[in-house]
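Across the two complexes that follow, chain A remains constant while its partner is chain B and subsequently chain C.
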Partner chain A sequence: MSPKKPFFWVLVAVIAVFLVPVLTNNVSLRESLLLAAIYIILTSNLNLMIGFTGYVNFGNIVFFGLGGYIGLYLVTAGGLPLVAAAALAGAAVGAIALVLGLGILRLRGAYFALATIGIVEAIQAFVANFEPWGGATGLYLSFQAYQALGGPREALWTVYLLLVAVMGLSLFLCYAVKNSRFGLALFAIREDEDTAAVLGVRTPLYKATAYSLSGILPAMAGALFFFKQGVIQPEQAFDLTLSTEAIVMLMLGGQGTVTGAALGAFLYEQFRGILLTSTVFSSFQLVIAGALLLVTVLFMPGGLMGWLHRRWPRLRKVLE
Partner chain B sequence: MSALLEVTGLCKHFGGLRAVDEVSFTVEEGEILGLIGPNGAGKSTLFNLITGVMPPSGGRVRLAGTDITGWPPYRVVRSGLARTHQIVRPLNDMTVLDNCTVGACFGSETLGLSQARRVAGEILELVALADCRHRLASSLTIAGKKRLEVARALCARPKLLLLDEVLAGLNPTEVGRMIQVFRALRKGGIAIVMIEHLMQAVMNLSDRVVVLNFGRKIAEGRPHEVATDAGVVEAYLGDPHIAARLTGPVSDGATP
Partner chain C sequence: MIVSRSQHNTNNKLVFRPDGEDHPSESEHEPERRFMLGLFASMLDGVLVGAVYGLAASGLTLIWGVMDVINLTHGAMVTMGMFGVYLLFTETGLNPYAALVPVAALGFVAGVVVYWTAVHRVVGRPPLMSLLTTFAVNLMVIGTGTILWSTSPYNVDVNLPGFSLGDYTFTGNHLLAALAALIIAGGLSLFLGRTRLGKAIRAVAGNRMAAELMGIPSSQVLARAFGIGIALAALAGALIATLFPFTVLSGGSYELKSFVVTVLGGLGNPTGALAGGILLGLMEGGLTPFITVSWIPVIEFALFVAVLIAFPHGLFARRPRR
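This part shows the complex of A and B:
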């Protein structure tokens, strides 16, 4: 990608914003932006399935949770450094998703969506009974693990920077797919899968590849996030609520657009922060998320970015 | 030399209904074959079987000597056989150019994105859709969508093109323009099988005509032979004197 493309500067600007807490040494801002980065990673990769391919994946959190488990297991039992563990977790989850995708992507529409929920439940039940991964009590990281990164304080900063890097990669992946031959095939599948096949798109393989691709970076994010937490348990790793929230963020920002997915995730995180700290709304946070989804789908089906694009068509070229 | 397309004993049964029943025919290189018959005769089903949209219950399909029976649609296109749909199926939320680029990217030759865009642009010139290239496919008129179907199929650079009622619903000027496109294609060496109800167009364009009724082939031959065939007149054409009118002097864009 060259500096001539507007997207290059969008990416630079986003990463610059995420480097502010590093420069100002602001820990509370870092924690808020860390969550925003994770949301952007989840939403951008979900966009590959929902926005580009037209398949609603309710179980996108499976990639995040499995990545977390594999990553933490490699660090605790294998003694691998964090970066290697995260990369391996990404590769492993990508491979699992490819095989899984070739099977479940034979289903379409609501049946596919239901199957993805089934996968979350099945994998959660499996992990909760899988002794090497600690069963229902989960995996705990020993304090020693942070020493490799120069102590707990430094480790938190390292994890944050790595997550920002994965976020940058997610945005770039979305952009690269959108402007590729592969992406064109995915759009054709989204519009009409049978026609896409008649036009020569090898639909089963392309769908499974998109599904697999949408799992790699969330898995790496999962490994990094649960390393930071120091513990991973089945309920937190495979949280269907977060899975659904990612869909709300995507619809809010604008499915099918790269910047929209990121914007939706960022705004949702900020909004969620305000709600959780207010005395009135803290227990109604999910109710409001649901209402937000309804309003978006009813009045702004293209999301924020879709609305902006309609208002100022020239923005299409700048904010893809 | 063997035929370009060789269909032998092709069948499709839906429960007890024989939608396509032991149909055999061949298409030579550069030939235009008309496929006619009353509604429900099994013409579109026949296309679906040949292009792999549905698996046949029996019979074989050979393209340039290769057995393509039961291949999935994307493999069939790559082997050089493209089609249009009777009910137009544009990729609505994509531009006209992108619709065609998909066809060019994944056609008989595997092209990169920029090369495919160029091919798509050339084909859009050919079917006179170049002015609409940046519009969304959903915004085209029905005539435009029909032309887009043809353009998209052509982008795959096929050896053989199956056209499913592309002239239906077009006005005389549009029919004339489309017929010119087909003539240009034939000159370029592309063979065509066309399902069409517009008899004057079929009779004038086709080298040979195959007639289906209730899933069976009831006649095959030169246009004037078929039009005078007693069985065809009874099953489909209705008027015994129609042959003279249909196979009369060629006039582009004329309606029956």
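This part shows the complex of A and C:
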């Protein structure tokens, strides 16, 4: 990607915003942006499936949770450094997703969506029974693990920077896929799968590849996030609510657009922060998320970015 | 040995508790005989509960079959049924089984309202749209329920006398719930086959445009079908409330069970749903004595995904749809 493309500067600007807490040494801002970065990672990768390929994946959180488990297991039992563990977690989850994808992507539309819900439940129930991973009590990180990164305080900053890097990669992946032949094939599948197949798109392979691609970076983010938490348990790792919140964010920002997915995730995180700190609204979080989603889907199916694009068509070229 | 409702664990399985002390003069074959009896009792219990699963799933599958919408408000509506019967029972002292009638009526009204607000505009559009709108309603209902009742457990305190078999006692609640589920499912079948509205629903499911050309107001018919589907979910919730303790979030797990049942029985096939439910219950009951209860969901959902891939039209499909 060259600096001539507008997207290059969008990416630079986004990362610059996320580096503000590093420069100002502001810990509370870091925690807020860390959550935003995770939301952006989840939403951007979900976008590959929902926005580009047109397949609703209710179980995108499986990648995040499995990545967390594999990463933490490699750190605790294998004694691997964090970066290697996260990379391996990403690779392992990508491979699992490819195999799984070749199976479940024979299903279309709503059948596929149902299968993804089944997968979350099956994997969560399996992990809760899987003794090497601590079963229902989960895995705990020993305090020594942070010493390798120069103590807990430094470790938190390192994890944050790594997460920002994964977020940058997610945005770039989205952009790269959108502007490739592969992406074009995915769009064709989204519009009309049978026609795409007739025109020579190898739909099963492409769909499974998209599914697998959408798993790698969330898995790395999961490994990093649960390393930061120091503990991973089945309920937190495979939280179906977070999975569906990611869908809300994606629809809000605009499915199928790179910047829309990120914008939706960022706004939702900020919005959620306000709701949670307000005493009146903290219990209404789900109700408001639901109402937002309903209004978006019914009246603004293109999301915020879709609305902006229709209002100012020239923006299409700048904010992809 | 009495197994009462309070001894159900969180997964709603009967707790299997063999007791040797009460029978000092056990013969050599006694343990085997007792085990077989226990297995039979466990499976019978599974069948009774499975009939209620089937009832819940029939609502989901009716809506799917008629308008190609996977109703993600299903779990929330099962929860509403549970709390409906709970509130009617505790506030007005109405008999929980008599409360089924107002619960069904309220469920129907709620369904019609949900149809016109969230579903009407997305029928016939890509599945993403209806999945998301019904999911949005689900979030709102569950969110409101959490505010009103938190997520602590409730139960409807009725105990009807039943009979015992080996180490199990079947309460009258289980028998009556299964009976009610069978009657309602039978009624649904008669309604779809014999009544004018039932025939209209099937006509719209078959071909909406042709039905419209024959003078059937298809939107009205779809709204009523959606209402009936929600009423069935609420009825199933009400029956479950007489069997097990429940929370606001319980509906979610029955929604998942309904998906499994629907996939076993065939999406869009209300009569298959009852068979699928009984099959699921039989499987749960049959597996309980052999494996740790927490492994059952693993098997259940792995089976769900496998059946979905291998037989997307269900195990009991008479002819391939679509």
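The definition used in the following text is that the second predicted complex is superposed on the first by the 320 of 320 C-alpha atoms of A that agree within 3 Å, B and C clash if a C-alpha of one lies under 4 Å from a C-alpha of the other, contacts with A are read in each partner's own complex, and residues count from 1 in each chain.
Note that a residue touches a chain if its C-beta (ideal position, glycine included) is under 8 Å from a C-beta of that chain, and two chains touch if they have at least 3 such contacts.
Since the model is a prediction, treat every value here as computed from it, not as a measurement.
Student: Should chain B and chain C be called a clash or a fit once both complexes are overlaid on chain A?
Tutor: Chain B/chain C on chain A - fit side by side.
Student: Kindly classify A:V287 by the partners it touches after superposition: chain B alone (first), chain C alone (second), both, or neither?
Tutor: After superposing on A, A:V287 lies in contact with chain C but is clear of chain B.
Student: Where does A:I50 make contact in the superposed view: on chain B (first), on chain C (second), on both, or on neither?
Tutor: Touch partner of A:I50: chain C, not chain B.
Student: For the overlaid complexes, name the partner, chain B or chain C, with more touching residues on chain A.
Tutor: Between chain B and chain C, C touches the greater number of residues in chain A.
Student: For A:F143, is the partner it touches chain B (first), chain C (second), both, or none of the two (neither)?
Tutor: neither
Student: Quick one: is A:A188 in contact with chain B, with chain C, with both, or with neither? Answer first, second, both or neither.
Tutor: first
Student: For the overlay on chain A, what angle lies at chain A between chain B and chain C, C-alpha centres, nearest 10°?
Tutor: So the angle at the centre of chain A is 80 degrees.
Student: Return first, second, both or neither, reflecting whether A:W312 touches chain B, chain C, both chains, or no partner chain.
Tutor: In the superposition, A:W312 touches no partner, neither chain B nor chain C.
Student: Once the structures are superposed on A, label A:W9 by its partner contacts, choosing first (chain B), second (chain C), both or neither.
Tutor: Neither partner.
Student: Superposed on chain A, how close does chain B come to chain C by Cα atoms? Whole Å, please.
Tutor: Distance of closest C-alpha approach: 11 Å.
Student: With the touch criterion stated at the top, can you tell me which chain A residues are shared between the chain B interface and the chain C interface?
Tutor: Common interface on chain A, chain B vs chain C: nothing in common.
Student: Quick one: in the complex, what on chain A touches chain C?
Tutor: 50, 54, 56, 103-104, 106-107, 109-111, 113-115, 117-119, 121-122, 125-126, 128-129, 136, 244, 247, 251, 283-294, 297-298, 301
Student: Looking at the complex, which residues from chain A come into contact with chain B?
Tutor: 180-181, 184-185, 187-188, 190-192, 194-203
Student: Spell out the residues on chain B that touch chain A in their complex, using ranges where they run on.
Tutor: Within the complex, chain B contacts chain A at residues 51, 53, 72-74, 77-78, 83, 85, 89, 91-94, 98, 101-103, 105-107, 112-113, 116, 152, 156.
Student: Which residues of chain C touch chain A once you look at their complex with the stated criterion?
Tutor: The touching residues are 64, 68, 70, 117-118, 121-122, 126-129, 131-133, 135-140, 142-144, 146-147, 256, 259-260, 263, 267, 292, 294-295, 297-298, 301-302, 304-305, 308-309, 312.
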